[in-house]
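Each chain gets a letter, A, B, C, D and E, in the order it is written, and its residues are counted from 1.
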């Protein structure tokens, strides 16, 4: 939930990397394909990116690491990107958005990972720029959810090699959103565990876990909500180089987004219900404690009074001299005890 | 509330069944009718589906069981369905939706059943594809709410045999929604029982039941809300082969949907109120317990102090030697007791 | 809040009465009027309804009782009503709605009555069908809020006899909505009583009454909310036989509806506030109880300890032999008592 | 919050005064002005109103008191007002609204006053009817927020004498809304006082005051919310006799309305927060009380047990005969006491 | 949260300063630039403002201090501003807004500062009026967030010197919104501290801090929400002297606004969660206290009763004479003690 913005006040278009410092090398890889041809490899020289975009193929250039702004700037420059995009590429706290710059379209998405140890969602920014025949993608770190797409391109599985660049972008979005389902699955498992824990062994830690879970749901929600409008705008875009079919696929992704939002809202409702149950369980426990205290005190305080009476040292106390005074006192005490027990039975206290 | 999605990352259009594993045979049945003719039977060969759709009749092909994707694929293929529909047919966690593919329309609905033992709603996905002269329906399991429609077709009751395929689809939707009313009825009975239980004998289990009931309502809501838009879009569709009259019937179904949503919201309000009453009942009980404890303790603690005083062993305690010391002490104690009782009476504690 | 729907699965247009069984006779009365003429009476033969609708008069046919579907069907048939209307006429759990069938318009309203004994709102369905020169109204029971309109027609008071059928319908709607004001008045009186009770003598019953009141408000809300859209649609309808002036009157009724909705929301807010106050009052009382217990226990427990000390039977306890041991002990105890009292005074406990 | 409607069932247009009974005389005053001329006075004869509206001046006729319907009717008649306006003029529980009747426009506003003694908002209905060259205003009582406008007209301050009647109406609305700011100021002062009281000396009365304050805010909200739409509609009206400039001024008033709504919502949020703080303060106090009780009881109950042991009268109790038995017992008791104190210290109870 | 409005009732356009009284001199500075030229300085004579606006340069005139209305009036007069703007310039409680007056545009923004000592947001009104070639800005106090823009103009950094006045206005808005990010950062740090405090050492003060934080968030929200619409309207404005490029930059600022609103809503959710955790922590503590009391009381009250029994002075009590009566009593007491301890162990109380 950290809000980071060290760049306050600089002229727009200034590239300032706003993430954690890193020393890893930035890795630039490319895939160039059409139905018949396929090439892939690493790009060592960021200035030379543009030569990979040929008229009759789709070129996907993926950049892992955005912490060295001078390299990102070189890549952006050879594609002639607007300075505001350059600024956004390295500013890692963006909301998902879609911006049409005419020749190319700029997309920001968030790729999520669920850290099961801390019940926390880790979020990585993925920027995608695409136009006729090329797709540029920028990620904060190596490792992503796109390997399955790479495999499909390599092995010419599905129709991806026969489609234009917008279909590749659709596939990337689809992978990211499919991954949200996996996270939702983990979250809903965790919430089921919490429900179990609440019924068998609630503790203050349970409430804390509910709170953490709520935080994770909020994080997920922030990443998913803007997608609704984003995909809907993508669908409505009419560019001459778009395949007609992509709209169908985007509608499918849109449905998934709605389904995820739906599930998120349901999980929120359930979590709110769990908080209520927790509080009422605590309240019930206190009630139990109070009942025990009250039963013990209510039974023994009068008895203690009775024995106190006959512990007095008055010279003239006739009962003390009676032969059956002691058993009679026991009789009274047992009677009081039984009346009390009956009273609590009738009150259904045990 | 399970979120299931094993198919993450596969190319779109890949058919992956996402439900529980099953071994039952898939049953494909058909009904072929117009005003004068009627045929029904089982289809053994899924490739041969298409031959049942004749120009002047309506053919309804119903498939019970979607766990064997190769069979579903064959059926879908002979009707020329889009790969995305094939994928959705076997993916059982869809939200109700309506998609127009030009020649045919694809509908997803959820058929619900109320499991009274666990106060839980079971949800089954029903996919309907229909075009001129044919209706395809896919269900997860055998057994549905459509028998009454089959009977009407067989016995030529009502106008169904004289109408086109869109009227059959309307009838299917109507059956599913009519069934929601039955579920609502059961839910509202259960909630009335809970209300009763809350007033006579509330226990932590009552709160749990309220929570379960809330979950059931949420499940129902998820199935019903999207219907509003779905039916409204269905109404607005203008296809040349639609009967003009169907629009009237869809308006009727739309009204029912609104009525169900209305009732769901009312039940939610009532359940929220029940939680409040439960919590305040618990609070009141604690109050009662505290009052009893306080009355007993407040009356006997001072009396015990008094008898303690005359239990001291000082050599020089004049009262101990008085002839009426003992009755006098009793007098004082009775006075203290009465003052206390009067005090609590005035405070209206009993 | 009962949800009733015994007709699940029947073909649309089937008339099934969904209310409680009754044996009363159905009463059909008519009023036929224009500026100069006026006739009224009972219709014995339901098939003959249509003959009362003459070209230059307005005929209002009112039916009290809808439990004998064959009679309702006859009436509906002679006016050529759509089967879906017939079905709705006898299905008593409809939401207020307005449907335009071309030649006639179908309206469903809910007439309410406040049962002061149980603090409960009783709701009766009123169906109105009207076209050029005729108004049909169907009610569940005899007795309604329209007598004042009948009187106005009979005595030619106001402009009603000079207006067309849509003005009569407006008058019926106006009567029903005026009646909502009376119910709101009773509800707000009851809520004021509850507020009073809460401040002087709150009990668990008070909370229950608040809950009941909330239920009544929800019931009222369900009847009023749809009116907003209904009347607005009525206003926008342009039929050649409508008086131009009716639109002004409908605007007035629309204002009343908004005002009622406004008041309902306010009453809900107030009731929510009352729940809060109730809970905090209970909490305060518990606080009071705890304070008394704590004061008594905190004062007497130490004193009882002191007298316990000198009740020990050790052979060698010098204090027991002192001549002023006993008064000294009293001195110590009084000192302890005073310190305690001062401490509670400073804590402002009494 | 009283809902009043004695007129239920009367024909529309019937004038029924719905306020409290009064005996004061109704006062009708007029102001007639243009840039060069100015006249003012009282109108004794309500039938003669119309003669004050001359072609080249603006006439403002103000009526204080609406409890004598026959007089109001006379005034309304000479301006040819619609019967529904007549009805509304004397029905004092209207919501703010704006209705265009072609030749004239009908406005209902609510003038508020804050009764500081009861922390209650008093609301008075102001009806304004205006057309070319005339403005009619009706108030329930004498005394209003318009004196400053009268002064401006008399002394020809500002541009009001050079403007048309719509500018005068704008000025009246502006005065009423400016007055809302004063009320908001008082309310926010009161809420600040409550915040103070909550921190220094909370009592059940504080909660009650919060509840009252909430009621006042709700009342204010009911008067202000409809203004948003009202003024926006006023702005959009295009009448040939409107000054072009008035739109600018209405935009200004619209901004004020938004600002008031904004502040109202903020105050509601703050009040909701105060309720939370109150409840948690009560809860904290109970905690304090419980701690004291627990400390005292936990320390003295074991000590009392120890002295009880040596108060037993067994013949064979060796300790009783020991020479140092008594001081040893004191030693044990002091040790127990210190252990307890240390335990509570570690728990940070004092 | 103070609501101030001393000007109630004055004619519109009257300038009344509504802030705190001040004695500082009003400082008027100017910057006049185009790509090649640059001038800056102080303006001593407010009437002479207009001479700084030359045809081919952009002139930015900044006024620090608005408490002397006669000076503000002079400046406004030489730019021919509408009286309503003059009134608004010195009325410091405006909501952010954008008004198009044809030749010039009037903007109100709020510049915020976070006072870390009191956890309070200080808000200052910034009014901007701009047209072709000039930008006027008015602030309440000296000191702002624009120094970085001034530096950029002076040193001709970025493209600002080559752009028109609307770009300068964009830069001012951007600076103000960038500053909101810094405030959000501080707020989220504070909230993290609160979260920490809640888990380690919660106290009533923690709740108060949460309440204060909520207040700050509300203040921030009031300043940011209207910006959404404001910037969107700015974007849609089409003026002939606007650079085409500014729209891109405004879209960027719009994104930032959405991001801020998003974060604000998240912080509100988190704060609401913290209140819940606080209340449940208090409740848990009470539970702990009650448990200790109950354990001690439940163990010792029965034991004290037993020793009381053998403290009675009956003549005929056989046990007192038994040789092993005393150790036997101890045995019973130890047994009771152990049973109690086992019972609490099984209840998992310690």
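A few remarks follow.
Basically, a contact is a pair of C-beta atoms (placed from the backbone, for glycine too) under 8 Å apart; a residue touches a chain by one contact, two chains touch by 3 or more.
Because the structure is predicted, anything quoted here is derived from the model rather than measured.
Listed by label, the chains that touch chain A and also chain B number zero. For the pair chain B and chain C, the fraction of shared interface numbers is less than half, so the two copies use mostly different residues to meet. After Cα superposition, the angle needed to carry chain C onto chain E is 145 degrees, rounded to a multiple of 5. Rounded to whole angstrom units, the spacing between the C-alpha centres of chain A and chain D is 42.
Between chain A and chain E, the centres computed from C-alpha atoms are 26 Å apart.
Looking at chain C, residues 283, 286, 290, 293, 297, 301, 304, 308, 311-313, 317 sit in touch with two or more other chains. Taken as a contact graph, with one node per protein chain and an edge wherever two chains touch, the assembly forms a single closed ring in which every chain touches exactly two others. Interface of chain A with chain E (complex): residues 1-5, 7-14, 82, 84, 88, 93-95, 97, 99, 204, 207-208, 211, 214-215, 218, 222, 275, 278-279, 282-283, 285-286, 289-290, 292-293, 296-297, 300-301, 303-304, 307-308, 310-313, 317, 319-326, 329. Residues 145, 148-149, 152, 157-160, 171, 174-175, 178-179, 181-182, 184-185, 188, 192, 199, 248-249, 251-252, 255, 258-259, 262-263, 266-267, 269-270, 273, 276-277, 280-281, 283-284, 286-287, 290-291, 293-294, 297-298, 301-302, 304-305, 308-309, 311-317 of chain A are the ones touching chain B in the complex.
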